[in-house]
Structure formats: C-alpha cells, structure tokens
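Each chain gets a letter, A, B, C and D, in the order it is written, and its residues are counted from 1.
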Amino acid sequence: MTRLRWGMIGGGEGSQIGPAHRLGALADGQFDLVAGALDADPDRGRDFARRLGIAPDRAYGDWQEMLEGERNREDRLDLVTVATPNATHFEITRAFLQAGFHVLCEKPMTMTVEEAEEIVCVARDTGRICAVNYCYSAYPMVREMRAMVRSGQIGKVRLVVTNFSHGHHADAADADNPRVRWRYDPALAGNSGQFADCGIHAMHMASFVTGDQVERVSADFVSAIPSRVLEDDAMVNFRMAGGTVGRLWTSSVAVGRQHGFDIQVFGETGGLRWASEQPNQVWYTPLGGRTQIIEKGEPGLSEDAARLSRVPIAHPEGFPLAVANIYVDLAAAIRGETRDGIPLAEDGLRSVAAIHACVSSARAGGQWVDARPPMFR
Amino acid sequence: MTRLRWGMIGGGEGSQIGPAHRLGALADGQFDLVAGALDADPDRGRDFARRLGIAPDRAYGDWQEMLEGERNREDRLDLVTVATPNATHFEITRAFLQAGFHVLCEKPMTMTVEEAEEIVCVARDTGRICAVNYCYSAYPMVREMRAMVRSGQIGKVRLVVTNFSHGHHADAADADNPRVRWRYDPALAGNSGQFADCGIHAMHMASFVTGDQVERVSADFVSAIPSRVLEDDAMVNFRMAGGTVGRLWTSSVAVGRQHGFDIQVFGETGGLRWASEQPNQVWYTPLGGRTQIIEKGEPGLSEDAARLSRVPIAHPEGFPLAVANIYVDLAAAIRGETRDGIPLAEDGLRSVAAIHACVSSARAGGQWVDARPPMFR
Amino acid sequence: MTRLRWGMIGGGEGSQIGPAHRLGALADGQFDLVAGALDADPDRGRDFARRLGIAPDRAYGDWQEMLEGERNREDRLDLVTVATPNATHFEITRAFLQAGFHVLCEKPMTMTVEEAEEIVCVARDTGRICAVNYCYSAYPMVREMRAMVRSGQIGKVRLVVTNFSHGHHADAADADNPRVRWRYDPALAGNSGQFADCGIHAMHMASFVTGDQVERVSADFVSAIPSRVLEDDAMVNFRMAGGTVGRLWTSSVAVGRQHGFDIQVFGETGGLRWASEQPNQVWYTPLGGRTQIIEKGEPGLSEDAARLSRVPIAHPEGFPLAVANIYVDLAAAIRGETRDGIPLAEDGLRSVAAIHACVSSARAGGQWVDARPPMFR
Amino acid sequence: MTRLRWGMIGGGEGSQIGPAHRLGALADGQFDLVAGALDADPDRGRDFARRLGIAPDRAYGDWQEMLEGERNREDRLDLVTVATPNATHFEITRAFLQAGFHVLCEKPMTMTVEEAEEIVCVARDTGRICAVNYCYSAYPMVREMRAMVRSGQIGKVRLVVTNFSHGHHADAADADNPRVRWRYDPALAGNSGQFADCGIHAMHMASFVTGDQVERVSADFVSAIPSRVLEDDAMVNFRMAGGTVGRLWTSSVAVGRQHGFDIQVFGETGGLRWASEQPNQVWYTPLGGRTQIIEKGEPGLSEDAARLSRVPIAHPEGFPLAVANIYVDLAAAIRGETRDGIPLAEDGLRSVAAIHACVSSARAGGQWVDARPPMFR
C-alpha cells in the first residue's frame, strides 16, 4: 500500500479546523500532505506549507495557482480538502472536481441551493467523489446508532431531538470583534448565522442516523444580540419523509454550554442518546427496559462501529479521530472499495436547501416550508 | 407553635401524587392530617383515611360531604389540598375557597381560562390563599437561580430553554390501558395531553426563575402514537414580556428519559442550568469564565435557598422535600408571615391560558398566539 | 392506626443531624414528637421543644429529667432517639433501654467495645429494640443492591470498594475552630476521628450489602493537618468472614468532594455501584454485559426497594427520606411487624470493634488485626 | 521541516497498543514509519509492515535483524518504539540505545530493578533519549494539573488518591484463555500482575502531577480469582519524599468499570480531579470555594496544556492524541528543543522499583518498604 497524495486549501496556521484535518488525514498513514494553498495570505500560506513539510514547488499562494500546478502533474493529488470560509467553497470545489480531483469540502457546501445542485451535477458528471465534512457522523458510536436504527432495534422512529449549542458568541462586546462579527453579517455569511454554522451538523445527523430525509421545516430564528442581522439562536421543527418528527435547537449565546451537540432518537420500541462531548458511549433504552450504556469497542458492535473503534474499549477517541474516520473511508473509496457512510454532495445539497427553507420559514413567522432541494422533489 | 389542621381531597391509596403531599405536609410538623375525602370510591377513601389516622367523623366519602362537615366546625381546617384529577379541580377549589378555606390545588388549576379567571377572582374576594402545586419551584436550588437572576448575576435574560420529557407513555400497546388512555382523550383530559400535564411545569418554571411572563407562543403538537387525539409530544416557542425568548420541549414518548425536567437560563453575562433528576446543584457559568457547581447548603446562598436547605450540604434532598417547601411556606403564610415564592392562582391562570394559546397555535400550524389571560392583557 | 409517641435527646436548634431526624420521623405520619431534651443548654432545649409543638411538661432540660418524667407516664414514649455527641450515647441509650424504651441511637453507638457489648446485652435482656442510625442503608436502591447480592445476581462477592470522603475539614485555619477541633481531639472524640465519623458508615454498608461481616483489618491513618492528634484521612483494607476483600477510604481533607460516599461491589458474575450523592440509581453490570441503570421506583424491584420507593420513578428521594425509611421500619417493628433491614445494636457493636481494631492496626504500621467484637469470636 | 524516521518493534496486527502508537506518531506529520519488526511471527510482521507502507528491505522479521539493518544506514532511524511484551523490553531497548538510537519503550520498562538501572546508565552514557510511554501524562489536562500544582494553586499537596481499575479479567472461565492467563503467571509476567500492568500508570501519574517521588509503600495484593498466582487486585498506600500521602487502588476484576483511571490531588488550598474516561476536563475546587470545570482549550491555560490542546475547546481529544503528544514532544526533543514533560528511563526505573517494593510489602502482610531504586537512595 502506498500513501495517497493529499492537498489542502485553507486551514492555515491558527485556523480552527485546519489542525483537525491534518491530524485526521495523517493519523492512519493513508495520506501524505504534498500540496497546499493554506492561507488567504499567499506568503503566510507558502511559509506554513513548507513548515508542514510540503515541497516548495507545491506550497502555493492561492487555490488557482494550486489548480494550475496540480492539474497536469504525473503525481497528481488523490484528494483535495477545501477548508476555507464558506463563501469560497463553491467555486473552489467545482473547479477541482471539474479538473478531475476528488474533493472533501467543508460544510456548508455552498451558499445557494443552485450552487449546491450544480456541485451535485458536476460530481456526477465527472464521476469524482465530492464529500462534505459532516465528521460527527463518523464517530464509531454514531455509526452504531445508525446500524441499530437500520436493523430495527428501536422500531419505527417517531421522534428525533437534537441540539447544537454553545456560548462562545454570547459576549455583546464581541459585536465588533471581526472574528465573530462576520458570522452574523449577511454580506459575508449569507442568509443564516448559527443555523448554517452548527445547526446543519445536527440536521445532517438526524438524517444520517435515521436514514430518512427532512421534508418540511418550521423555524424560529432569533438575534439574541440585537445588533446582529443574522440569527444567533434558532429552533427548527421538522418532518421527515417517513413521518418522523424532528426538533432541533442551536444557539451561540448559550453561556455555559461548551459545544453541546447531542441527539436523541425515539422509536416505537426503544430510544437512543449520544452526545459529542462524551462521544464514546451511546445510551440505549429498550421500551419497558433499563437504560444500557453501549461502549465504543465493546464486543458485538456493528461492523462499521467495530471497524472504526481504533483503540481498546474505554480508551476515549475524540474529534480528530472522527475526522480521521472520514479520511480512512475516503482513502478506501478512492482505492475503489465501497463505503456507505461518507457524507456526499447530495447531503451537502440537502443541508443547503434546509438552510434556505428555514430562513424562509423564520421570515414567515414559522410557517411550514418545503425543505427539499428542487432536484429531489 | 401548634400544628395547623390540614385536609386532603384525592390522593387516595395508590395515587401518584398523594404520597408526596403527605410526606411534604407532615415532614415539618407544621400540619396534622385531620380530614380527607381521599378517593373516588367513598368506602376506599374512608377506609384509607382511617388507616392514615384521620378520625372517623372526618373521614369523608366525597368532597361535598367534607365541605359540609368542615364548614362550621370550631376546629375547622387551615388548609385543603385538592389532588384529584384535573377536571374536578375547578369546582372543588372554588367551593372550598368560597367557604373560606385556604386551598392548595394541583396543576392544572382548571380546564378553561374562564374558570381560572373565576378562581383568581374568588381568591381575591375571599382573601383566601389559593396556591397551585408548582412544587419544582420550591427546590432550594431553583430558588437560588431565581435569586441570582433577580440580583442581576447573569444580566438581562435573553433565552430560556426548558424540557420536560419522559418515555412512560411510549408503548403503543398502552393505547388501551385506561391509566394512560384518558390522558389523550379530550373527553377526559380537555384540549391538551402532555403539554397540560408536564409542559406547564416547565413554562411556570421559566416565569418563576426569570420573574417574567409569557406573552406569545408558537406551538407544534404531535401525536406520536397516531391513535391519540391529544398530543404526546410538543414543542413550544415563546416570547416573554421583557423580550426573553423561550423554547420548551415536552414529550411522553421519549423512551429512555425518566423524568427529564431541566431548565437553562442564558443572560447577557452568564448562564444557569438545573435538572430535576439531580436537583441539589446549579451549574453557573459567568460570561467568559468557567462553569461552577453551586451546591445546596453551601455557605453564601441566597436567603430563600439557605432557609430551604434542610439538611447539610451534599446530603441530597428530593421531590418530597420540594413539596414540603411549598407546605412550610403555606404554613408561614397562613400564620401571617410573608413568603414570596408560593405559586398562586394567578400563576395557575397564566398556565391555563398558555395551554389554550398553545392548542390554538398548534391547530393553526404554529402561528403566534397571545398567551396572556384576558384579565391580564 | 394511631400515631406512636416519639421523644428526642439532642438534635437541638442548629444541630447537624436534628432536622433529618425530625423530617424523617414525621414524614410518614407514624410518629408524633411529644417529648424532648434537645440541647446541651436546658433553656435553649426547652424553648426549642416548645417551638416544635412539644407540651411544656414534656420539654425537658436534660435527659435525666426526661427519663424521670417519661418513665411512669401512662402515655409513655414508644421510641427515643439519641442524637447527642458520641461520648454521651452509651449512658443515655443504656438508661432508656433499661427503663423499657425502644431506642434509636446515632452512630457510633458507644466509645468502647465494652460499652457496646453491654448495650447489646441490655437490649437482649430487656427485649427492647436498640437501633443504630446507619441511615444510608435505608435508601431504596441500597436495599435493591442487598437484594440482588442475596439472590445471587452478581455471584459470590469478591471485592467491596467503598469511599466516604469530604473536604469540609481541610482548612488548617480551622484547627482552632471549636466545631471542628474537638473531632480530632482524643479527649473529646475518643481514639478515632474521621474513620469513626464517616468511615464506619462505609464499613457498615459493606456488611449490609454483602450480608457478610468484617473479620480482619489493616489500616493506614494519617493526620493530613499535622496539629491533629486523630486521623483526618484513613485507608482500611479488610477481609470478611466469607472471604470478600474490602477497601475503604475515608477523608475529611479531600477538598472538592462534598460528601462522596459510594460503594462498589464486585462479584463473580457482576458488579454494582451506588453513590450517595445520586442515590436513586444503581449501576449494574453483568459479567460480559453492558452497564444498566436501575432506577428507584422502576417495575420489578425487590420487595423492600419497591416498598421504600415512596414517589414515582425519577422523582428523586434524598437523605431525609432515607432516615424516614429507618423510622417507618421502626414503627412497623414497634407495632410487631417483622423488618429485617434495621441496623441494630449488634451492628453498632461491630462498628465500634472495627474502629478499635483499625486504630490498633494503624498504630502498628498497618498490621492485620482481628476486628470482631470479643462476644462474636 | 522534514519528517523524522521512525521504526517500530512489536505492535503487530491485532495488538492492543500498536494502533495507538501509529495514530499517535503519524498524526502530527512529524514522523514517517519507515522500518519495523512488528510481530513475534516474522512473516506476519513483514507482511503487515508492507501493508503499512514500509519498504520491503526495512520490513524486518525480528528486532535483531532490524538492529543490524538499521545500524549503519545513512538514513538511519531517528526513533525506535518498543511495543513488545514486557519481558523483551530490556534487551531490545538496551540494544538500540547502545547502537545510538533514541527509544520510546512501553511500560514497564524492564522486569528487574537491576535491568532498569542499567537502562538508565546506558541512556546516560550514550546520550540517547530513552522515553517510557506513560502516555496518560501527556493529556493536556494532566499537564494543566501539573502546572497548577507547580505554581502553588492548591498549596502543599497533602494527599493523592488514584485508581486504575477495570473488569476485563473478571471471568473465571478466562483462567484458561491464553490472552489473559499469562498476565497472572510469574513465569511470563514476572512478579506482579495488575499492579505492574495498570497500577504503575497511576503511580507514575501521582509523581508526575505532584512533582514528587514515592519513597515508601505498603501493599495489599489479592488474587480474587484464586487460581491466579499473581494479583488481580491491589491496594497500595504510599508516602512521597515531600510528605504527601498516597492511596492507589488497581483491579482487573472490577466488573462494570471499563478503564477507570482517575486521580485526585488534595492540597492545603485546593483540590483537583481528573478521569481518563472524560479526559478533557479537570475539576478544580479552591479551599472554601466552588468546584470549577476547567476545559481543555479554554483561554488562559498553562503553556503546556494550551500547546497540547490541538482542536478547539469542547472538541474532545482522546487516547491516541495523548500518545501523539508524547511523539510531538519526542520529535521536538530529537530536534534539539527542550521539553520537560517526557517520561524518561529514570521514571521507568522508579516504577520498576515500586513494583518490586509493593510485591515485597504485600508478601510481608503490608509492611512498609522502601520503594526507591538503589541508585536514587
């Protein structure tokens, strides 16, 4: 087995998500980081790339340069990660797909539904993988929940309740802090703030775990800090194609919550609960029975959860390894194996459509709105 | 100090809430149980009353008999508790108030807003106390939260998020079980199921802790078990008079949740969290600081929380003692002292109005509806 | 059913354990508090007694006066609780037993093994109940653990690990605080500090849950605050008659632990865990299986645990109700019913013998010492 | 920055600790895995090495072959990891150190104190790094605890209480299972079972966090499964040079504990608690104050903890990243930077000496025994 060649756009020094991609992509020895346009500032990007061990001729100043440089190489990249700010995802992802690269794009995949549909088409046309980094879905115990739902262990799913809330944007004095401000400014962030940032992880998770799709939404968006144009707190009720009812709360002003992403799935014959801050367990309650704690790595897990439990039971695995699970699955897929848990452009599209539907609903006082992308109606 | 004379209607043998009232009323030695009409079945009620030590002439067959028997006694009752099924609260409570008794009524106080307004008026006219048993508000650490909000420790409150969910009605096979079925049958339960049963505790708590009132609601009601007419799962968004945003989820089909009542309050300068299944702590996070665990009984608590911490720090106090706190405050009020934490008829009225507003909103697809009782608009 | 007549010695205003006895004894309506010598100061004691509703002629200045006053009454006391400081337990308990009263004595029952053996003999001779307030053993979920062990659900017990540690005496500046100082002064506290205060609860619990008795101990006693003569931290290894190995840690300098009393029982086919700060659950793991959470009040509990679950599942019950469980069982026993969970003088004796054995062992550098009372060897 | 060349001995396919080393060493892009003798079976080892991307000429059949192959290469290894069974550590580690390689050896470093002292001397003589994989000490929040103790935030440390217990060897039927049996067989495991396997992590941690050394021990070793010669449960009391008292419990028959490694440190002015199954928080209680939750990645952490917090606050990091932290520090040290948190041969020696002291003490009924290695007395 030789290593795959991997390149990164964005995720420069000091970025939030960059380290998770590098730890995740490298941990399994499946990828070598051989090219990058890592920073908005070309010099900083080149310098950082070199410090990461990238050869000078592949330490690019921007993604266009990288596209040109990589397009016709013999040893061309096997995978390109796009970890830049949201507004740039579409253009970069489309360009690399069209040039024949597999792409892992950060969420949200695009700003508009039209763009997202276009990405889906380009991926289909070129036959390239376009994955979207809904990395929470790659935790082994999330896979276990999915497998349990699939095999009917909790019966037909009635209800999904999911929250993704933190308090890191609760300081009104930060209204002028550029690292925070842009997120609530439509000029830079599009039409949604907190829902597009965190809420869609929760909404993707609801689909991922239930194997069902969101059809209709009713949303209540709030700017708890009044100077913000976009929402910093949102409640979304939804209905899935199979009839499941959904409730999703997301907030960035919930002081005291660090990164509270959890999901509860309630079916006719059982319930499940998982929380991202203690990701190595699932709480499972059969109807009429006691709550049981399922541990990552315990004997008898589903194939997927067992495979992705890397270290022994009760040795915790965290966020970087969830990202690593996305990368091992991508490596396998690139090598031609089948993996069914990778979030793809279609999932990215559904999320973007859901954002737009929620925004419309919130503007209409919570009216129910079709959340399906036009191409899937 | 002599003991007060206390009588009970409902709460018979095998009832759910009866034992909590008795444990609560007696624990402090403030009340003697001297009269009762405890059961729908007169004989069972009389028999149980005697076994509880009630004198035979005050062991009544029904509440009308009790009213007649007690009305003109020298040693008349100081307090009557009404712990019968919901539909009977109005008539019994009104009758006893009118006869000059103080009353502690179970929630919901009445079935209609008109009835609730009438109770408020009767209580005002007679000058009697009409309390409603929102006993969760009497936990010492709930009082601590209220005191902290009041004294500005978390700044202006932006957001209240509260859940009260369990899974004890999740078994579809129970659809024919009479102990469960009536709760979702409008003929017996009125116009709301789970929201009226558990949700209003959460809504009262939101008001109690913030010191603010619910003005508008938008509700999504669901019958997860389709044969039910009334909702077994509800999501309610609300707005309070002072601008606070509220989110309330309540469910009886959440398999694996035992009795998950929790509340989170997020203000401009801090956040608070409390959960009824671990009621002796509050989690407090100052903006930009670390989460701190406040313990019942620790030095420096607010006066109310300190007074209601009965046993030393880290010796847990549970639900019966929360009910006891309602009773000690009632005893003090009956003896003429001032207590400001007792939930009164006005609070009961607001809850009933909120139920009706939520039902209307849910029927109108989540439209925002005024939740204030007419007399408070 | 008429109420039993109850009297109290000690437990005056401001005392630590007094309120728990009153809440516990009264909550079930089984006892009336009709007599008391509540305080070391006769006037404060009489005054407080009256405020608690005790008739003036039964509000005594000291226990001798109370003994004389109650000895020959028609309506003599059915039960006397002794909640005074440790050094007085022996004399008071013996005197009341000899006068024919049932007694509930606080732990430790006496200061010396000889005294404890004498109490056992007096109780046997007079046929009176002499109970000792190991109230933790009366939590419903502790009873559930005991029932599970008894019925063989975890197989032969190999190992018991129990801790009872807090940090409330960790402040060296408190060395001069009289409320703390006496506890580590042999003149006032006898030969053991923290072990005699908290450790013996844990040791009793180990016996109670396993149904086995401690035979040998090896102890390491430490004065973490060097000015203390008696230990404020102790580790005790022990062996039970049936071969079970025990490990017990107790500390009063464990800053950050509030009242951390927990017990873990490990058998050949399963393990159990219970913690006093979250007393309404037991964690049970069958060998090779998943951890299950057993809830107070769930269907299918053992008879004793079910009977002592007073309010519905997931409505927490705390310390005062554990004490109440001691009192309901005593009431039943006084009325002639059989109850097998009441800690008796024999248990009190075993604890006192264990304290002395641990002290000897600690002085001998941890040498193994016989912990059985002479009369049980 | 070019990558360092890394080789592995042991950690073959299906081994327990192998994956953690690979994930850890590779995650940061500091090392390339270029050589290995991965398995007791030469063919399996070579085959697995190739599948991991190791060049065929560096996929060795055994460590002697590897030593010969690597000794004189131009591109010789920068670091060799020894992850074989315990009895082989000494010989392999010594040989590679003597050949001038830096070594990371698994714990316990050797079987005898003499061997361990020899490793220390060889490392000193050759000037090579000999690290020992006490990887728990590399969790960022463990580093934070260490920094807090160092800077005096909890005052002089009085007490350290640490447990490392699991129940994975509790099944008596496993007595014949070769994967378990050898651990309790002196011929294969040396003179200690569970203490040498898990207990020494806890003992190292006690030293690491307090910055102090164990001087004397008193141990109680038990074979809960009687057919075992070596202990499967152990309690160790200890004293450190600075006077700190230690209590350490370790067990492999604690059914229901998964991998319960925790440590509590109690000082004159505060207490700390950390648990390996929730490794991203430290609980800190200042004397007389409230417990605070310190989060990995929060602002204001000590330099070391901040540096080793790789992904944002509340994105959990687990065991493989703790191992990664050992490797990044080794990479820095190999490149000539100073890192003071790497566990070294001296630490490995102290652990081995402690094992032997505990065994002696346990055999002598718990007598206190000097635990210092002869060369440090």
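Quick note on the criterion: a residue touches a chain if its C-beta (ideal position, glycine included) is under 8 Å from a C-beta of that chain, and two chains touch if they have at least 3 such contacts.
What you are looking at is a predicted structure, and each value in this text was computed from that prediction instead of being measured.
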item	value
Chain copies touching (subunit C, subunit D) - same or different residues, decided at half shared	same
Distance-maximising chain from subunit D - centres being C-alpha averages	B
Between subunit D and subunit C, distance of the C-alpha-averaged centres to the nearest whole Å	42
Euclidean distance of C-alpha centroids - subunit A vs subunit D, Å	35
Residue numbers of subunit C (touch at least two other chains)	291, 295
For the subunit D and subunit A complex, residues of the former touching the latter	1-3, 16, 19-20, 22-23, 26-29, 33, 50-53, 166, 168, 258-260, 276-280, 295, 310-321, 324
Subunit A - residues contacting subunit B, complex	154, 158-159, 161, 167, 170-172, 218, 220, 222, 224-225, 233, 235, 237, 245, 247, 249, 251, 253-257, 264, 266-273, 283-288, 291, 365-368
Footprint of subunit A on subunit C - complex, ascending	290-295, 298
